[in-house]
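First, the structure itself, so that you have it in front of you.
Order of writing sets the chain letters: A, B, C, D and E. Residues in each chain are counted from 1.
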């Protein structure tokens, strides 16, 4: 009897947390969607031989990696209306602001990973492509990038795993996601159990992330 | 007049935050002190050819990287007295529990970095050492490890930068550190300024971290 | 086919690496370029294949100017469109092959014909298979570069270059990354190309090969052409003292 | 000095790589080991230098058993202490040098004498400088491996092995990673060692070198010793058909 | 283990130290002043109570999410920080009698023209996650249903910033905190006269620590009788708003 009641309650909680997990997943996928290509652009800018492009990008990366993401979230939500001159003020919807902050932050991390990957491709690949007459953009997208992707899978997977956990930070903008639901439940029931159920959710998501990356690594292991 | 008052207030805040930063620095250095060598042990266990040693270590790394650090902090502080059988219960002092959780968590990350580094050293180095008669431990400490350290500096610096920011999590155990001080001030003054001053503190610390690693990289660049 | 006039090339912070080189290669001719390490052979080849910009001089490919130098000393490259056309006339085989590791052997060969030359994929594949047959690697069409031995890799690299139907093919030490036993396969392919009247310029340390296959041998030292001539003359009775020393060295290595 | 009896070695999932090899090397003798790629030469050398465990057979170094096989088929290695002593009698020079990149040239040479053989540092350094003088690299004592050319690296690798005063020195293709021009330096050093009566076994593709420096040549194919003899006999009038094919190949490559 | 003898008061007395757990960011009940010292109404009361009981008061900041664990693992002896008494919490904690009333009030921008709860229909309301504002809202289902959107924040501060910025139309929070804020920062906010269900603050103890709870409850009643409590209330709120023993 007790066990039954206990387990229905547990089930109820899991369902509740699941609903919070949906928001978590949305921010997760949107962040990847924007930050992965943006990171590539930033990496290219970072490696460009022009100082005027180079220096601001380095500064951008320093700020984005050097300060806590939570502050960046607060900044992107509150700053446009607090800092801009009167006529130009605007406010992003909170979820949009969260996506912007996450994407810009993770793009900085991904940019450094891309850069490492791109710089590790031997010069000979560029030269062979040049002599065959490939244009610069053909060379990059047909020859270089596919090889880069294979090489950067491990560090990217690290960042993605961190992202799964970082999603909890959006709660600072008043968005309810997995960890917020767990905290509310913990408060209401006066128990830390919901927090640990949330932990299992994160573990599960990260387990899937790991599997996906393992599969990708396997898929790309057709060559060396 | 106003400016003066404003700037004394700002100075006062910086001083207050500075006191919080001391705790931040303590947890930061203690975590590095324990997790760097521990990570090496874990990496060696992870690579050992014994399944009984190997599998638990993989599981450990999965849990430590797959679940939020904040939960691990809660766990190491509360679990010993909540889970253990009556007579064996104990509670670690909060700061100690924080150091334990941080060290165990970061050791998992460092372990994977060490592993990557160790596996990237060509077999020929081991063979050359073996033929010259070096023992296994001489080979590891004289030949392999120094080369590993050079190679893993960049990923280690990434983790250390993250650690600077992660220190803010210890507030979950009721320890007052930089970010907690900033939040309290922000609450009391109804202003986000303290948060952004805290941001500058983190940026400054990370700037120093970056400089230290740059210097180390330079120092080790005497060979390739 | 190729004419080089008074070519100079240096790198930032180095003395001149190529200093006033002039020569020409006629259609169907095979020229071997030999010389000690650091004499500027690779640099010269890289200038000819547009991998490096020259500092002075002129290069003409099939009569068309690829680059010239104005009396003011300004180096003028042909416009981008013209350069692109000229580039298609030049093929290059690298010492380290530089195959694309993520493409199969077949795709390594077809990628450029399809996406650069605009050849229909079916036609490109047919051509690739024909080339593979010619170099004796028909069974490796679906293999990936890491599955090939060095000699096989180099032969694929040659096929990849040939698929673009270049008018002139450059080789930079095509066998020096290979075990001596694998060298034979590659040299055989080059010999066959020579027999088919392919215009080629080969930087090589394989004196025996240079001797056998080249119509003309150019000996370079310290960025300059010291001596050139038919293999018989250059190996048999070199006019220049430096050439004699260099070739003596070679004979010593060979242990005879 | 070294006696090998009926040695077998295979890897998990491969057919036997070395199948019943017996031979011996006398003190002061130089033996060249030749044979086609994949014939098991490197594997044999690795078995002799304890880098691989053998599956069957016996190896004796200076009369002492390093490994033997009991009638039951069990392979018995000498106890760890004895093995350590035997290991010190064996030196090995690798194809890829495998210098320690984080040590200077001097320290590459002194590290093992000091920390393995327990030589006083001053003495080790004096020895190292003497060896460096011998290989003509006195001025490179403080250089790091990445600053050396291939030929210089290989000579340092030889000095590193010699510093441990081995009784027998093994070389696995000591020159095949080198440009032909750099090969000369290394071959000269080995020739000098031979003149000093150093016992050596050299796996090599340099037939000319084998011919000149070896007292005896062993030809291996498919894991077995096909033929052995003095260079004059083996190169001049090989008894075995397989040897003839292999050497014919070599002569073809040499282009003569 | 209901049969076990309750020695909680003796234990504390023997230790000589009483550990009070609080979230140190809850002005004016317990928070940090500009020097980083923990001050507040609850703190002043607790100090006086401990003085009378002859024990030392130790203030232990805790994370609000982990308060159950903190209490159950005996890291703290009580939670005394404007803790709202709810039936759900009463299952797990032992409360003193309520010592203060607290209404949940609605703050809006002065220029918003909103003057009643009804005017909030379809609007966006913010509140602090896990706070009693949340409970109060849940127990006013009609009002909750009339709202357009409810946003939960980590802290009241961010909610009020959002209100100022226009991201929210109203914030629901403890009256005590609201008045403190408005007094501190003269922002253009007003508090609506209408409020949600009033609730009560109590001190929370471990379920079994009956004797300890009673000791403090008795001391509080004594402090109320001799006017000490009123004086402290006047210091922080300008009037006596305590309710114990009334």
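The rule is simple: a residue touches a chain if its C-beta (ideal position, glycine included) is under 8 Å from a C-beta of that chain, and two chains touch if they have at least 3 such contacts.
A quick map from chain label to UniProt name: A, B = Amino acid ABC transporter permease; C, D = Amino acid ABC transporter ATP-binding protein.
Small disclaimer: the values here were computed from a predicted structure and weren't measured.
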### Number of hops, chain D to chain E, where each hop joins two touching chains
2
### Task
If every step must land on a chain the current one touches, say how few steps get you from chain A to chain E.
1
### Query
Shared touching chains for chain C and chain E?
A
### Summary
Farthest CA centroid from chain C: chain E
### Maximum centroid distance from chain A, chain identifier (CA atoms)
D
### Task
Please work out the Cα centroid separation of chain A and chain C, and write it as a whole number of Å.
47
### Message
Rounded to a whole Å, what is the gap between the Cα centroids of chain A and chain B?
### Response
21
#### Entry: Centre distance in Å when chain C and chain D are each reduced to the mean of their C-alpha atoms
36
### Summary
Distance in whole angstrom between the CA centres of chain B and chain C is 53
## Note on the structure
Residues of chain A that touch two or more other chains sit at 74, 78, 192, 195
### Summary
By the touch definition above, chain C meets two or more other chains at residues none
## Note on the structure
Residues of chain E that touch two or more other chains sit at 65-66, 69, 161
### Query
If you look only at chain A, which of its residues touch chain B in the complex?
62-63, 65-69, 71, 74-75, 78, 116, 154-155, 161-162, 165, 168, 179, 192, 195-196, 198-199, 202-203, 206-207, 210
#### Entry: List of chain E residues in touch with chain B within their complex
21, 24-25, 27, 31-36, 60-63, 65-66, 69-70, 72-75, 155-157, 160-161, 181, 184-185, 187
#### Entry: For the chain A and chain C complex, residues of the former touching the latter
122, 124-125, 127-134, 138, 142-143, 146-147, 150, 222-224
### Message
For a test of understanding, state which residues of chain B touch chain E in their complex under the given definition.
### Response
12, 16, 19, 74, 77-78, 81-82, 91, 94, 171-174, 176, 180-181, 183-190, 192
### Query
What residues on chain C touch chain A, complex-wise?
49-51, 84, 87-88, 90-92, 94, 96, 98-102, 111-112, 115-117, 144-146, 160-161, 164
